[in-house]
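Look for chain A in each of the two complexes below; its partner is chain B in the first and chain C in the second.
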Partner chain A sequence: MSASQSAVRSRAEAVKASRTFDWLICFTLFFVVLGGYHIHYMLTGGDWDFWTDWKDRRLWVTVAPIVAITFPAAVQAMLWWRYRLPFGAVLCILGLLLGEWINRYLNFWGWTYFPVNFVFPSNLMPGAIVLDVILMLSNSMVLTAVLGGLSFGLLFYPGNWPIIAPLHVPVEYNGMMMTLADLQGYHYVRTGTPEYIRMVEKGTLRTFGKDVAPVSAFFSGFMSILIYFIWHFFGQWFNKTDFVKSA
Partner chain B sequence: MAATTESVKADAAEAPLLNKKNMYLGALVYIIFYGWVRWYEGVYGWSAGLDSFAPEFETYWMNFLYIEFVLEVSTAGILWGYIWKTRDRKVMSITPREELRRHFTHWVWLVMYGIAIYYGASYFTEQDGTWHQTIVRDTDFTPSHIIEFYLSYPIYIITGGAAFLYAKTRLPAYQQGLSLQYLVSVVGPFMILPNVGLNEWGHTFWFMEELFVAPLHYGFVFFGWAALGVMGVVNTEVASIAKLLKKDLA
Partner chain C sequence: MKLLKDKVAKLSFVALLATVTASMFYTPTAAAHGEKSQAAFMRMRTIHWFDLNWSKEEVPVNDTMTISGKFFVFSGWPETVDKPEISFLNIGIPGPVFIRAGSWIGGQLVPRSVSLELGETYDFKVLLKARRPGDWHVHTMLNVKGGGPIIGPGKWVTVTGSMKDFKNPITTLTGETIDLETYNLDNTYFWHAFWYALGLAWMGYWMKKPMFVPRSIAVESGKADSLISSTDRKVAMGFAAGTIAIVAMSMSTTNEKFPVTTPLQAGLLRGIKSIEMPVTSVAVKVEDATYRVPGRAMQMTLTITNNGDSAVRLGEFNTAGVRFLDSNVAQDETGYPDDLLAEEGLTVSDNSPLAPGQSRTVQVTASDAAWEVYRLADLIYDPDSRFAGLLFFYDEAGKRQLITIDAPLIPTFI
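So, the complex of A and B:
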């Protein structure tokens, strides 16, 4: 290969080739990250995300942000720290939500006939926007981890509150007090996931009633800070361009 | 003058840098095929997929499984064998334009990998959740597993393997050894398939209920992380393409 030779015939062709690569890269990155992130999220927090009767004030609020901040932290380590693109977290969440919504419509509703207002995914977008904005404004990984991670945990419940509130209204049914979401769960029986394995609002924290959600969100924010740090470094490793040389 | 005319003719006859037709056709093949698969699930999942001891289960689901095994092994053998057999033995002496063209072809493979990963890791895996949380399984080879584990996973493995082999056999940027992040992004998701062994063993031995967040499933999670290796592949590609175009973009 000669260094003097050019790969393109003109500047215009070079620009066109460069733009085309941008699109191909964006498409591939989006869908591969979507696949990896979705399988991670559905198997670490999925049950709370699938069903409204799992979307309680305690475990859902605690678990979802902790397991969701992983890929955004890793992808930010690429898009911001290598290319100064301030949308790593939003890209991940958009991918995750796209994968989830397609599934809830075509499969949860289309194949197993659960109504969509029983199986809609959690909204993670407010936390993702804040995470990206803090990184862009501060250009600091530490600040993004501490402030962004904490916000990611704290914003989860308020970000979902308008959606879930109507289903957390208390109802009395056959002499028992429950939420509308619980009632949905009793009516739409999932034989493969019987009631005894549902994990919601365990522990003594619920004794304090109204404090359950904010305390859970605060704990989730604390854990999200730690997870952000770890996954930032995971992301850095995945960003390398190492080669294994044959002996 | 004659030489110029020849050169213009050669340009006109030259293959395009990016073969868009191949790319769109490839994407359509995945989308139409998986659309048909989803239709098949919808029709035969409920009507023939609930009782693995029923004769119709054998007809519509086990035969589907046997056919896909044969097709997958032969597709992988033929495709990977072809890419390897037709490898460029003088890859370091290709022209910059040919190198650029090959990068485009490589990206067509990577786009296909993106589509295949989406269907395998996202679409059919979460679909498995709703099927098994609704239906009690009486076999490891359920309608959902026959599609998810034994169809959509092998398809992304075959596609990822083809992309990796193409890069290794035709692009100068990958001649300094084996790209670690590329290996991780292809081998990691591949390992999800052997991990099915643990999954099935666990569901047979411990519990047949479906709790998606159960630790039994963490193997899938761990290997799913490997998809992030695509970031290293993008970085390698960006560096190589920038080297090819930088002078002309300045």
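So, the complex of A and C:
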């Protein structure tokens, strides 16, 4: 892997070339991850991320982290074991959120005129930062999966609460009580998303009474651990150099 | 080097394009013009909308209009469509050009899904508040779980003014009045920007250092541990601790600021009141029914028996929202959409008043371009070639009776 033999003539030039290479790789990786991750997340988390009246304390809390930890786990595996670069998860989330914001702003608001305060994406950054730091400090996939996966699930709801809490203030509307988020879903007509396909407040965690969000978050954390393992291995496999070596 | 650079640049550009395209991929369905492409039997044999009224044809932004009327949940509901046990009274408009300020079935507010019963008639009302200027086709619509959207008649309504004047004030149970159009927007932007910036700072910290080539060399020569310095560890711990602290703090300040919050409301509404329809005193038997393709006309032979105490005449045949009237008996005074109204589209071979106790067999022809325009004639290509509709009879006092018919239809091509 000596880059200084043919392409460049001096050490300074080699450093410069390597730096250019860094930027190009980062740029490409960012957008490739953005594209793949964005599509994956829209297909699996879709409506839960699109609408505030889907962002409940049971299913959204459970589903979003589980489907979101996939790409971060894989990209971490690529960047950490080969380069000891601990920003795989954050890179993914930066890409995903940029894609989501472009989509919400241009399509949901710009094209269809849904107010942005109804269609903004979920915040996944706190979990991603902690995931990266745990991998860096522990240098262990198992620890990252267990501690990081759990944190990723647990940090999701509190990390979003400052944004969605104002929408959970109750209103009385024509004799019925609902939250402002419910009212957004009712007011801003979605012909293609009838109310009955909304999957919120369903599940079997009834016995926990009103403290259902932490329970859902723990469950999500445990599932995230499993998904982390799978996608971390997937990332490692994808990152093998066997294909290059034989060539 | 130049070559490599060009290649990577090109690749990046392709990736960028692919990404932008991908993120443009999804837009919530906005168009509501599926009415004509919906299978004819769906429109004829599921929900019969009648007595519809669009209160205005032109509405300024912020003003309201209503769509009201009745719908009959057809007793001969097709086997292929799930029954409307879980259904939602929607409105067919291209996105939120109006907001749905209210919707009621049988006087009950229906922001959530409802359970409806076959053979029942319900009255409904939808209150719309104009939001975005333009000419919009406003349809009645009922979504049925397992059956899809059932689109009813649509009428063009013009919204005038400017969308930036639109306001949506709501008073919460905590006594605050907010504008739901922009409420919480700054807060959302703030937190998203804040966390995005923190993520960028973390990436920036590592991107400042040489990345791929030298680090890869170091890892491969067994010096991986030298790549993470003690400063790096401190910075990382700072980021993690800071993240957790900010999450905890912002959560508790949020709880202080919004002490009263409730979970999202969901669940099926049952026990929706239907209309008590008057007992009918007219009996109709469909002897046969044919659709003449070249003439765009449906012809049926009906045996009508009047069991009441007042003479009756047939005034209207209504199917899939298309109304065929005999103008001698019934006229429309509600401003029903032109394309769905055949004011003289109904011909009855003998439509003189049918006296009480009498029975008569008549030829009834319903003809109008609407058969073709609304692709109702496609019915003859359906697997179960049956038609259905509502007949309206009027007695001497002008009292109306509604009779449902449901019978096989035979096409004739000559």
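Couple of notes before you dig in:
The definition used in the following text is that the second predicted complex is superposed on the first by the 229 of 247 C-alpha atoms of A that agree within 3 Å, B and C clash if a C-alpha of one lies under 4 Å from a C-alpha of the other, contacts with A are read in each partner's own complex, and residues count from 1 in each chain.
By definition in this document, contacts are C-beta pairs under 8 Å (C-beta built on N, C-alpha and C of every residue); 3 or more make two chains touch, one makes a residue touch a chain.
Since this is a predicted model, take the numbers as computed values, not measurements.
Taken together through their common chain A, the two structures put chain B and chain C in a clash. In the superposition on chain A, A:78 makes contact with chain B only, while chain C stays out of contact range.
In the superposed pair of complexes, A:87 makes contact with chain C only, with no contact to chain B. Between chain B and chain C, it is C that contacts the larger number of residues in chain A. Of the two partner chains placed by superposition, only chain C is touched by A:116; chain B is not.
Once the two complexes are laid over each other on the shared chain, residue contacts for A:106 go to chain B and to chain C alike. Looking at the shared chain after the overlay, A:238 reaches chain B, while chain C stays out of its contact range.
In the overlay built on the shared chain, the residue A:132 is in contact with chain C alone; chain B does not reach it. Within the superposed three-chain model, A:27 lies in touch with chain B and with chain C [touch as defined at top]. Chain C runs into chain B after superposition on chain A, and of the options 5-13, 41-49, 59-67 or 113-121 the stretch responsible is 113-121. Overlap of the chain B and chain C interfaces on chain A: residues 1, 7-8, 15, 17-18, 20-21, 24-25, 27-28, 31-32, 34-35, 38-39, 42, 50, 82, 99-100, 102-103, 106-108, 111-112, 114, 190-194, 197.
For chain C in complex with chain A, the touching residues are 1, 4-5, 8-9, 11-12, 15-16, 18-20, 22-30, 32, 86-88, 90-102, 109, 111-113, 131-132, 141, 143, 145, 149, 163, 168, 170-174, 176, 178, 180-185, 187-188, 191-192, 195-196, 198-200, 202-203, 206-207, 210-220, 224, 227-228, 232-233, 236-237, 239-240, 243-244, 246-248, 250-251, 253-255, 257-258, 260-268. On the side of chain A, the complex with chain C involves touching residues 1, 3, 7-8, 15, 17-22, 24-28, 31-32, 34-35, 38-39, 42, 50, 53, 55-57, 81-87, 90-91, 93-94, 97, 99-103, 106-108, 111-117, 120-121, 123, 125-126, 128-130, 132-134, 136-137, 155, 158-159, 161-163, 165-184, 186-198, 200-202.
Residues 1-2, 5-11, 13-15, 17-18, 20-21, 24-25, 27-40, 42-48, 50, 63, 71, 74-75, 78, 82, 99-100, 102-103, 106-108, 110-112, 114, 119, 190-194, 197, 234-235, 238-246 of chain A are the ones that touch chain B when the two sit in their complex.
Of all the residues in chain B, the ones that touch chain A in their complex are 11, 17-18, 38, 41-42, 45, 92-97, 99-100, 103-104, 107-108, 110-111, 113-115, 117-118, 120-123, 125-127, 129-137, 172, 176-181, 183-185, 189, 192, 208-213, 217-218, 220-221, 224-232, 234-239, 241, 244-245, 247-249.
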